[in-house]
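Take a look at the following structure, please.
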Amino acid sequence: MAEIIDLVLLAMLALTALRVIFLKDLFAVVMLFGIYSFLSALIFVNLDAVDVAFTEAAVGAGISTVLMLGTLALTGRKEKPSKHSSFLPLVVVFVTGAALIYGTLDMPPFGHPDNPVHEHVAPRYIEESPKEVGLPNMVTSVLASYRGFDTLGETVVVFSAAVGVIALLGVRRKEEGETPESGLKEHHVLRVVAKLLIPLVILFALYVQFHGDFGPGGGFQAGVIAAAAFILYALVYGLPHSFAVIGPRFLQILAPIGVLLYAGVGLFSMYKGGQFLDYNMLAEDPIAGQHYGIIIIELGVGITVFAVMLSIFYAFASQAERSNVQ
Amino acid sequence: MVEQHLSVLPILLPLLAAPIAIIIGRSYLSWMVATIASAGAFIFSWQLLLAALSEGVISYAVGGWPPPWGIELRVDAANAFVLLAVSSVSTLVLLYARDSIQKEIDQSQHALFYTAHLLCLAGLSGILLTGDAFNLFVFLEISSLATYTLVSLASDRRCLTAAFRYLVMGTIGATFILIGVGMLYMKTGTLNMLDLAERIHVYDSSRTINTGLAFIMVGVSIKLALFPLHAWLPPAYTHAPSAVTAFLASTATKVAVYVMIRFIFTIFGAEHVFHEMGMDIILMVLAIVAIFKCSYMATVQSNVKTVLAYSSVAQIGYMVLGISLVSVTGLMAGMIHIFNHALMKGALFMAVGAVFYRVGSVDIKAFNGLGRQMPLTMAAFTLAGLSIIGVPLTVGFISKWYLVTAALEQDQWVLAGLVLLGSLLAVVYIGRILEAAYFQKLPDNVDASKIKEVPLLMLIPMWILVLANIYFGIETSITTEAAGSAAEWLFQHTRLPEVAQ
Amino acid sequence: MLLLDIISSILLIAGVFFGLSGAIGLFKFPDFFTRVHAASVTDSIAAILIIGGLLLQTSFDLNTAKLLFILLFLMITSPTASHALAKSARHGGLLTLAENKVKKQEHTSHG
Amino acid sequence: MNFILDYYNYWIVVFLMMAGFYIVISANNLVKKIVGLNIFQTSVFMLYISMGKVSGGTAPILVEGVTQYSNPLPHVLILTAIVVGVATTAVGLSLIVRIKRAYGTVEENEFENKDDAI
């Protein structure tokens, strides 16, 4: 049964990808990408990767699509027909694809429990992590503890993205003159519903943040969801109102603080005599130490991701407003 | 305390300083933070190199989880040596950047510049020190994202398209590496490099592993701008701010060369890559084509930064040529050239940045008559240029010497001749610029009194690099010892092809 | 137990039917407003039926509560989204089929 | 038949990757290039997740009485990779916005004509 669902979803993905190649309407291309992302999230669920599916749905279908639409609003939605010959790219793709297919021929069969991937490193994560780290969600254990250094790197990547976007688009300064009343003034229904939903979305973000140890979720997803709540607010009520709640300057401080919080846990464990990010040192009882460590670093991730996603949105939205003024 | 954590500190220092620099937000203060962090990383990497030379291998288990379950930092002579080059150039560039970016980057973006620089340094150090194949990808992306930002900070609009092209190429490269690592993981069930090396032998003839190897090699080749995948490099180096070009040209591609060495020698084993897959021939041909094609391209450009950018691609050719010879001397020549090229290109791009600071252009015509107006800068340019050519008593000569020796060891007379011929092309492209500087007159419409030497803070780092060019060209024992033991170490810990023994 | 399963299957199949018919309507209907109508109305009923069917499959624990929450939010958001879409189109100056017809007639009678 | 059952997943994923890769290298419009890059990367993620799947296993969250779990490690890697992907997308898109402002176009061949080579 799982295989059939898998196959149907994969076929739909293939159709979507093919459609993207030939469409010239970029708006449709971006929407199809959103669909592509949602479909792959479904495949991830079907392949037991619930955390990944959650993230893909929030990021790929959510944030990425919003950013792409924001870009389209500034750059126009039609792709011009090109005189490019598509021969060379086609050759490159065929060669690469052939190499990959050749590579698949010796791959371990799909889904077999005795594949090498499941034998060498992974068994310890599955069998020992509930005892060593003390969390039922193994993905969180591996993410935050065994491979905590990767996750620190991931947080820094997000932070670098914010540095890049702010450097490129800047944050609008006050003195740049009057901005038109933005937001959706006429949409009373939207305004009421948004007012109703935003607190619930933030509540849900907090649930995802702190429930990540037991179920799918964690700092990253929570940060994205919380940012989405404020994005909704900014869209419906207008940027100036949103700036009044959380200003871009404040976010610029908040994003690095998350990174510092994460690295700070590592430094503290070094001070306590362990290796960098060794949570066992944080408390008398190693399991308790792991708990403290994971909660704090997940919080750091959540803070950084929230601040970065929101400031990236602010940067794009300010650009859109500026171009509206002109 | 410090000694125990020596391997993680060079990554951690810039990583912690970057958020602090952006919180401070003031140009001067964040410059201070960045310089101190980078200097600290330099000191630690110096100690790390000494420790690695005496102890062999230093393993550090992040999070206290033993490898292969946790992430391991693994330091040996090879990566400590490259790390030293990276952190020293980074510190000098930061000193230089203080004045240099005043003319090229808007005041409000200085803090962002320093933050991005620190992130790039942290990423590069992470790539060098990590012993985990996936962790390498993460740090690769940190440094790449920071690099795209740095390139796009310049005021010329062309930097944007250059940065975009770099972003697309770089991401394709990184994704290829991701595919390759995935295939290795699929067959072996581990991501730790040492563990991979131990387990990969069983699958030598596996199509999956070989495809993985091919994808990693192509991905890394994009990152190190190996001909013909170098198209992103000349525009990016030409249009980035001078301080950024000086930093990137002397570090980013070199780190990618190191990654290639690491994958070939430590993970796959030289025997497999070179003997069974025949990659040495491919690399050698590409390297030679890169040397000649790009040296030629360098001779016909009118923008001096572009000249030097093409020269960089050619110099990368020399490094890859050293690797492709599959001998201790060849690898050593490649490693020495990583270090030496950082010294010479750093100095050259700093000198060009100094010209931009005063003249406001880096077209070859802008160099007319500068020999008299900016004697110190042009003297630095001349000496570093001689080093690129490979004149005796400079580091460039040392690199070429070992490369030719390695070629002659295998009776490759033609190859040795080609290396020397490549130097002739360097004479042409460096000579054109020197000719303009010393034998042309300052254009009449330029006010000679305005073109004078640049501030001391720009001159000092430039001259430190130039003097290093000469110092390490005469006192060769330090670099040859470090590079030699790195190369020997790599060869001892790999499976050798029979031909080289 | 069997009875519950049968009811649940019926609900699910009905839900799928409405979902599909909405999708077909989206393709077949002539203009924007009719399409929004096709998508939104069937979407709501399909969501109710499908989640209702799923509710019967649970053992009435935490998952049931979660499903009910999902239903509640869908009931709020999906009509709002359709409303916002239609309203924006209206503001943008899009006319319904009937209005277009009237306009055309006026046009022809004048000309 | 078994052969196909064992590998169909990988083959379709390879097809998806190549579709994305083709969009990246053939598209002239920069936004479409970024979309292609995302499709390429998402498909690579699917390759990783496919290899972590164990037939008959469940999601790697400890539940009483379940012994067969799918492999959590690829999930962790891909979580990280998704984040890296969105970071690259954000920087790429803001570059596009700036290119539009500087050149007035986001079609590659058009702005290439506006500057000299290099």
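Per-chain numbering from 1; labels A, B, C and D assigned in written order.
Keep in mind that, in the parts below, a residue touches a chain if its C-beta (ideal position, glycine included) is under 8 Å from a C-beta of that chain, and two chains touch if they have at least 3 such contacts.
For clarity, every value in this text was computed on a predicted model and none was experimentally measured.
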Winner on C-beta contact pairs when B-D is weighed against A-B: A-B
Approximate Å spacing (C-alpha centroids) for the pair chain B, chain D: 28
Geometric centre distance via CA averages, chain C-chain B, whole Å: 58
Centre distance in Å when chain C and chain D are each reduced to the mean of their C-alpha atoms: 31
Multi-partner residues of chain C (at least 2 other chains): none
Residues of chain B engaged with two or more neighbouring chains: 134, 138, 141, 145, 148-149, 152, 179, 185-186, 191
Multi-chain contact residues (two or more partners), chain A: 100, 104-105, 107-108, 115, 117-118, 121-122, 125, 147, 150, 153-154, 157, 160-161, 164, 168
Chain pairs that touch, as defined at the top of this document: A-B, A-C, A-D, B-D
In the complex with chain B, residue positions of chain D that touch it: 17, 21, 24-25, 30, 33, 37, 40-41, 44, 47-48, 51, 73-74, 77, 80-81, 84, 87-88, 91-92, 95-96, 98-99, 102-103, 111-112, 115, 118
Contacting residues of chain D [partner chain A, same complex]: 5-23, 25-32, 34-36, 38-39, 42-43, 45-46, 49-63, 68-80, 82-91, 93-98, 100, 106-107, 109-110
Footprint of chain D on chain A - complex, ascending: 2-3, 6-7, 10-11, 13-14, 17-18, 20-21, 26, 29-30, 33, 36-37, 40, 43-44, 47-52, 55-56, 59-60, 63-64, 67-68, 70-72, 74-76, 79-80, 82-84, 86, 89-90, 92-94, 96-97, 100-101, 104-105, 107-113, 115, 117-118, 121-122, 125-126, 130, 136-139, 141-143, 147, 150-151, 153-154, 157-158, 160-161, 164-165, 168-169, 214-216, 220, 305, 312, 315-316, 319
Contacting residues of chain A [partner chain C, same complex]: 184, 186-187, 189-190, 193, 196-197, 200
Interfacial residue positions of chain B with respect to chain D in the complex: 134, 137-138, 141, 145, 148-149, 152, 157-158, 160-161, 163-164, 167-168, 171-172, 175, 178-179, 182, 185-186, 191, 234-235, 238, 301, 303, 306
